[in-house]
Amino acid sequence: MIRFNCDYSEGAHPRVLDKLIRTNFEQTAGYGEDPYCRLAAQMIKDRCNRPDADVHFFVGGTQTNLTVISAALRPHQGAVSAHTGHINVHESGAIEATGHKVLSVPSHDGKLTAGQIQRVYEEHYGDLNHQHMVQPKLVYISNPTEIGSVYSKTELTAISETCRKNDLILYLDGARLGYALCAEGNDLDLPAIAELCDAFYIGGTKIGLLFGEALVICNPKLKEDFRYIMKQKGSILAKGRLLGLQFIALFEDDLYFEMSRHANRMARLIKEACIRKRYSFLVPSNTNQQFPIMPGEVINKLALNYVFEYWQQVDDKSSAVRFCTSWATELKAVQQLVAEIESY
Amino acid sequence: MIRFNCDYSEGAHPRVLDKLIRTNFEQTAGYGEDPYCRLAAQMIKDRCNRPDADVHFFVGGTQTNLTVISAALRPHQGAVSAHTGHINVHESGAIEATGHKVLSVPSHDGKLTAGQIQRVYEEHYGDLNHQHMVQPKLVYISNPTEIGSVYSKTELTAISETCRKNDLILYLDGARLGYALCAEGNDLDLPAIAELCDAFYIGGTKIGLLFGEALVICNPKLKEDFRYIMKQKGSILAKGRLLGLQFIALFEDDLYFEMSRHANRMARLIKEACIRKRYSFLVPSNTNQQFPIMPGEVINKLALNYVFEYWQQVDDKSSAVRFCTSWATELKAVQQLVAEIESY
Amino acid sequence: MIRFNCDYSEGAHPRVLDKLIRTNFEQTAGYGEDPYCRLAAQMIKDRCNRPDADVHFFVGGTQTNLTVISAALRPHQGAVSAHTGHINVHESGAIEATGHKVLSVPSHDGKLTAGQIQRVYEEHYGDLNHQHMVQPKLVYISNPTEIGSVYSKTELTAISETCRKNDLILYLDGARLGYALCAEGNDLDLPAIAELCDAFYIGGTKIGLLFGEALVICNPKLKEDFRYIMKQKGSILAKGRLLGLQFIALFEDDLYFEMSRHANRMARLIKEACIRKRYSFLVPSNTNQQFPIMPGEVINKLALNYVFEYWQQVDDKSSAVRFCTSWATELKAVQQLVAEIESY
Amino acid sequence: MIRFNCDYSEGAHPRVLDKLIRTNFEQTAGYGEDPYCRLAAQMIKDRCNRPDADVHFFVGGTQTNLTVISAALRPHQGAVSAHTGHINVHESGAIEATGHKVLSVPSHDGKLTAGQIQRVYEEHYGDLNHQHMVQPKLVYISNPTEIGSVYSKTELTAISETCRKNDLILYLDGARLGYALCAEGNDLDLPAIAELCDAFYIGGTKIGLLFGEALVICNPKLKEDFRYIMKQKGSILAKGRLLGLQFIALFEDDLYFEMSRHANRMARLIKEACIRKRYSFLVPSNTNQQFPIMPGEVINKLALNYVFEYWQQVDDKSSAVRFCTSWATELKAVQQLVAEIESY
């Protein structure tokens, strides 16, 4: 069986692992207060063109999301999210467990629009009894979204302006950020994201690290006492340097983008095979996740040799499935899958 | 200005107030451990035909809801609610503040159906990654709903069976329960509700008390240590007897239902006037809340003499508004309103 | 049996009740947005000489405490309290349920000192790993304390200066504030308290109201969005005017202080009887709570005719008990108790 | 500078790291549902002689503690802990952030006794108003404690019996468990601990892993839906196999105990040097942490060449410091330190 079910089936890219091996016997301070974390943070700030940002390293995405949102909001405030947002669906109520409502908004492609955000804002304050309702205060978006779509610079700029006009915090979940930044047609880069968002994270777990997410806090108001809240949520790794070292490996050359481009290319081969078979897609994607809609019998046959994710039923005969690629996906494996897709 | 904007514009029914006056100088134990609370609890158990139930008295509805849900659920469990449910919209995130997600379900009339509940259940457990999602565990319904509709015995029985089959807790918010039980066409009564629900409350604040809600816990699993959690949430009134005394006034004769019937009759006069004017309604209601859809200019004229609630825009020219009656609504005031409605 | 076990055994002072009776049929807006609440708030601001303060009305003390603390603190911050503090002992973990640690400090008389607060502050920031510990941010004191002692102006001024120097919030729980302000030897008044504290409440439940506490927020930083958090915690009373009306009764003449003085006088008679019998006291008190240490057999005999609270064992033969008086305590009843104490 | 300040200054034991390297390119399922996690869990169950236990893997100790306690307790229940307990002091309020009070008990050596636990229990239920106080429900102990002391089998048995008699949950934090089990004089082993505790964890972060703690749940009542709560708290590692693989390395031979014994031996050399210098100790310890009390000038001199932790001032001239050893501590480094200690 070959796995296309997610982008974290293997360990880490060898250059990442190598960093850990070569420093294994060094002694450093714990809790991220070591030279490697400092260097990694500096590299990220440089890449983002934000010398004033704060960078914090986390082990995983749910932790990052719940720590940021808990740190940013007062008790009566909520996070606006597309209904497909990870925090709304797949974190077992992590945000609510910190006391905050997720104010979910319908979305057909996983993205929020500036107009939707403006409407949520106006509907709240337009109600005389708004103090009886959760106050929208933070906007949560993912790029790429949970279903593979990508924000354009125009879209993100409009969202950012809407947030700033209304004193809303814009937070971008970049669990798979590299795949978005390397997607065909993308016009965003790290400096633009750092400019437009109050905080965002650069995901590593799903792009070649053993684990690790680098949170970048751009808005000074979100910086105060942040490490207290990380500690409280169990988000500070004792041997914090493991995170710093891995991010150094990502950014000391172009490894982060190199791996992202590879995964996107592999995904594109799958996409093109599906197009040739005239399969439609749940949502258009130029990133490492593809959601073709396939007849049930094809799905069943493919499932004999490949692991991929069943997503949702579309009609009586067809369902959407997810194929996911990563830095470790081999061309040979993709070619074998593509051949099989085309053969049915 | 005459108020039709809610059912808590006045103080209490004189027979309720009289109870407080006549006992004012008596000395009793605090925190609801007095003879009046015991008597009131017994009267309610008798009315519900549930000698085994536990009855607890609260000052308000939000407190009741948040205490019950916090006591009933483990951290990863959520409350299923119609998207119009009070806990989902108008409690400023009170449920989330206790750590739990409200799993909202669309509803056109404010009610949930057994089928919807079954679907929520199946969709959760049908997903291989269900441990990454909030577990549906409690079903929250209101009767009457926030928009005036009423459950039939058939509907509530189906919901109850669905909940028991799937080990879900059924909790009924009865903030305006009397209005439902006295509504034209209603076929539910207190014993049936006590039989079908795991817990529910009989609302007093909106039916003639100064304040007060009587929670009836039927399911023994929900009883353990309940008063600890009441205390923790600030839900135990020091001079608890004030609650017992008021509920004695409600149930020592038929006052609760007498007041509810009066309010429903007054609301019906308004409804009939709207029907005569061929206004349609946001949702059909036989209870004390009416939601006619009126032209903007009519609304503006009525607003000169009456206080009522703007509900939502329906189209370019018309909006739904809410008229609300209570035990204290005078026939004369309604007749004046009706005449004015008919005059435009 | 005559009750001396607490100060909330009866209903309300007749002048308080009368306010509710005379306004019972008036229509007003709900949720505290009525003219009576506005008037009561104005009267309290006048009494405190703080036209800029915000005043909010609550039903009970636990609710007030948990709402204020939840509104004031970020997740990693805690409330410093004497270990005898109500929030540390008798609120079933209400503060922790909002996510905050109570940082308890030993105290022999129920009071905190400026020196203790300074030490807590320095110990926290003196530790290199202070981000691994709860940050002290709010100081909770009660006046009178839970065991009847009273802060002097000198003491409160020193505490206030320590808090301001260290950017700590000073919050005073005034559940029985009147008894402190009318105690023999007291030199504090409402304007001084309003000047020295960031927020405090004037308790009514334990001084002659059916229920009610008036929170005074002096520090502008604590005002923002406060009503959202009240609603979230279930702390907004639907018929809010009941609170406004009762506080008008307290402050339109000197009723609050009149009742407090009466209770203190009654308590003093009990205290003097104990002194004549050479009983010592758990803690010296000039307020309405007295904690004499009595031989077990005396306690047993008194318990045949009076309800009072067993407090704690002191040695093999003796225990401290609590006698509590109120506005409703009759001289006749006290004289009977005093005679009996002296007879053993 | 040589670090003796903690037991997590280096990476991982080479045999641990090797496991990760050799499996790096394998594809497995995520979230701990892979064969390596299953194997590691089985090995641990075998070692504990508890085929019925559930084993879950976490990245860090704070996460483990907060997840277990949040999963085990209802909202009104608290965790009894020595005041020196990690959850009471060094987790930034992690337990309170999940809503629960830590009920701290004074302890001179970091340990709780069965008698203390019984007293907490009796004091709670002995109070008529116990529903106004946090209910003690879980007992948290650490072995070794935060200050290096170790429970004997007799002590732990007495604690366990007290807990079972009173229906309290016994949870043991084993962040450094290996050091206790290999300490001179220890008579506990994994099967005994599994027999006596309801849940405990075997710490890896501080004993030779990159990171990782293995929670063993023995009491079936604590098992239900545990993974939901792990996910909610951000405690499930995406590439969960990294945890399984590391624990296989610990237990496929005696590596866990081998490393613990080495660290204890190194610590003993430091201890003996201090004894020779007639330094006393804050608390007697046979584990990898030593807390000698040294004159200030000696501390200052040692601080020029070694990193160790300042613990607390003892008198005008002396303070307690902490020296900590690990699997990676080299004999040569210890000999150098010992020589220097003896030279002053």
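The chains carry the letters A, B, C and D, assigned in the order they are written, with residues numbered from 1 in each.
The working rule: a residue touches a chain if its C-beta (ideal position, glycine included) is under 8 Å from a C-beta of that chain, and two chains touch if they have at least 3 such contacts.
Owing to the predicted nature of the structure, the values given are computational and were not obtained by experimental measurement.
Asks: Tally the contacting C-beta pairs at the B-C interface and at the A-B interface, and name the larger one.
Replies: Answer by contact count: B-C.
Asks: Measuring between Cα centroids, which chain is at the maximum distance from chain B?
Replies: The most distant chain relative to chain B turns out to be D.
Asks: Counting only Cα atoms for the centres, state how far chain B is from chain D in Å.
Replies: Computed from C-alpha means, the inter-chain centre distance equals 50 Å.
Asks: From the C-alpha centre of chain A to that of chain B, how far is it in Å?
Replies: Inter-chain centre distance comes to 42 Å.
Asks: Between chain B and chain C, what is the gap in Å from one C-alpha centre to the other?
Replies: About 34 Å separates the centre of chain B from that of chain C.
Asks: Which residue numbers or ranges of chain D touch two or more of the other chains?
Replies: As it turns out, chain D has residues touching two or more other chains at 75-76, 91-93, 97-99, 131-132, 228-229, 231-232.
Asks: Under the definition above, what is the set of chain D residues touching chain C in their complex?
Replies: So the residues of chain D touching chain C come out as 75-76, 78, 89-93, 96-102, 129, 131-134.
Asks: Which positions of chain D touch chain A when the two form their complex?
Replies: Those residues of chain D that touch chain A are 2-3, 6, 8-12, 14, 17, 20-21, 23-30, 59-63, 66-67, 91-94, 97-98, 205-206, 210-211, 228-229, 231-239, 242, 328.
Asks: Give every residue of chain B touching chain D within the complex, in rising order.
Replies: 70-71, 74-76, 98-99, 131-132, 135, 225, 227-229, 231-232
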